[in-house]
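Could you have a look at this structure, given as structure tokens, before my questions?
In this document, chain identifiers A, B, C and D correspond to the written order of the chains, with residue numbering beginning at 1 in each.
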Amino acid sequence: MQNLTNSIEQEVRFSEVDSLGIVWHGHYLQYFEDGREAFGKKYGMGYLDFYSHGYVVPIVNSQCNYKRFLRYGDRIVIETTFIPCASAKINFEYRLINAGTKELIATGSTLQVFLSRDNLVLQLTNPDFFQDWKVKQGLV
Amino acid sequence: MQNLTNSIEQEVRFSEVDSLGIVWHGHYLQYFEDGREAFGKKYGMGYLDFYSHGYVVPIVNSQCNYKRFLRYGDRIVIETTFIPCASAKINFEYRLINAGTKELIATGSTLQVFLSRDNLVLQLTNPDFFQDWKVKQGLV
Amino acid sequence: MQNLTNSIEQEVRFSEVDSLGIVWHGHYLQYFEDGREAFGKKYGMGYLDFYSHGYVVPIVNSQCNYKRFLRYGDRIVIETTFIPCASAKINFEYRLINAGTKELIATGSTLQVFLSRDNLVLQLTNPDFFQDWKVKQGLV
Amino acid sequence: MQNLTNSIEQEVRFSEVDSLGIVWHGHYLQYFEDGREAFGKKYGMGYLDFYSHGYVVPIVNSQCNYKRFLRYGDRIVIETTFIPCASAKINFEYRLINAGTKELIATGSTLQVFLSRDNLVLQLTNPDFFQDWKVKQGLV
């Protein structure tokens, strides 16, 4: 059994850099989401997949450890790893790496829960389609 | 007959400033929206008012002339003026002023149209409630 | 000895709400920064104060627990509390509260370190002016 | 003599979509900048090139005509065209196209001026390196 990981690479935008010449810390949650969306697309488990099955999956916890700076012109590798958990939650861990220097820039995580799309009621057990997906991916 | 204007004052956020130490140009459309929302609240013609009457009012044109810089710590006056027009459109003009120096920072405008909320069909004539509002405000 | 706290109140912007009709999770770090900037202004310990003393104070850790949703039109109370610590770090905790319903929306924290402004070297001890400020505020 | 154009393709991010389910109008200036940065990289005339020659090039005018909506999951083609002008300005025009349907989503333009990097003084004539670049590209 192995964790699922996906990596993408993108460039720091001019507008993401603050007056200190470094990427503003708040944008790292966007980078995590960029990684999560690419993961979802690759493995068929993105926002629109959840939605079509009747669920929305809002984030209930986010964390980020900032270790080094990113500057304009830097290229970033965003590694997104799905961390299986037994409860009805979706847990991702992230690593941001400077594509040029290979230095670790930041690590972080997000936790999402399942709400029914129509009435936003919290789901206490994993939806069947999600459990099936985990089985199919060899994650349980 | 007079134009309706509303002014608000707010501070430049740290995250709005780019690596040149000035507010990133893209944020000015947010300042315009801040002004437009405050106008809508004051005069009872905001997004939620349109929505409750069955309409959404997307922007179809935006323009901005940038004349001077804004820096972190500056306070901005956002003047929002409703420009009456005969066609089924909503036209606002904006002036951004440095609250400290009184210098004109930028001017701009937006144009919005009416779509029915349910099917997003373009409305070719002014909705009644909007025409009534203009009459009540002495704008027609 | 008591923690220093500051509260501000502001409105959810239209642009902060995502396609689910709730504030996008990434904006909460902006709300925390809004609270931190207001705190810094009130107590004379903001970005520009640090800068004028020769330091920049980047964020090295951020966390957020999302408990309830915020929607367009909601007013938010942002409570920012300075948490004294012995090491050369700046620790804030945040509480976001729906100003209308008084419900707790989110809690979170940030951790900042001191870098010298000129060469970005990490400071291992608290700068004198910061230590003085803590004494003056009755925090040590 | 021909205009220089560059096209890139990217996906609508979840966070770019507003509560109406469409990309928030303010993000289009970011799309224009994404196109401009890719153009600058391709043709050796980006922010860092200007900077290394001693100039910054802030935007003094932006315009956008919004014609159709973009939704989450849509792919966008951003066409960026350099429009030569005699005066000391940089003029770009943009076309956003839905990569799937080929529909025109928006058109727009930006105008930039040259300021010396060190004292932010406006340049009334084209810097030599920029004039040379235009000659080399067959634009004059």
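Here, contacts are C-beta pairs under 8 Å (C-beta built on N, C-alpha and C of every residue); 3 or more make two chains touch, one makes a residue touch a chain.
Computed from a predicted model, the values in this text were never measured in an experiment.
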Q. Which chain's C-alpha centroid is most distant from that of chain D?
A. C
Q | Pair exhibiting more inter-chain C-beta contacts, B-D or A-B | A | B-D
Q. Just curious, how far off is chain B from chain A if you go by their C-alpha centres, in Å?
A. 35
Q.
From the mean C-alpha coordinate of chain B to that of chain D, what's the distance rounded to whole Å?
A. 24
Q.
Two or more other chains touching the same residue: where does that happen in chain D?
A. 14-15, 26, 30, 33, 72
Q.
Touching residues of chain A toward chain B in the complex: what are they?
A. 14-15, 17-19, 21, 24, 26, 72
Q: Within their complex, state which residues of chain D touch chain B.
A: 20, 22, 25-26, 29-30, 33, 56, 58-67, 69, 120
Q: In the complex, go through chain D and note every residue touching chain A.
A: 11, 13-15, 30, 33-34, 37, 47-48, 72-73
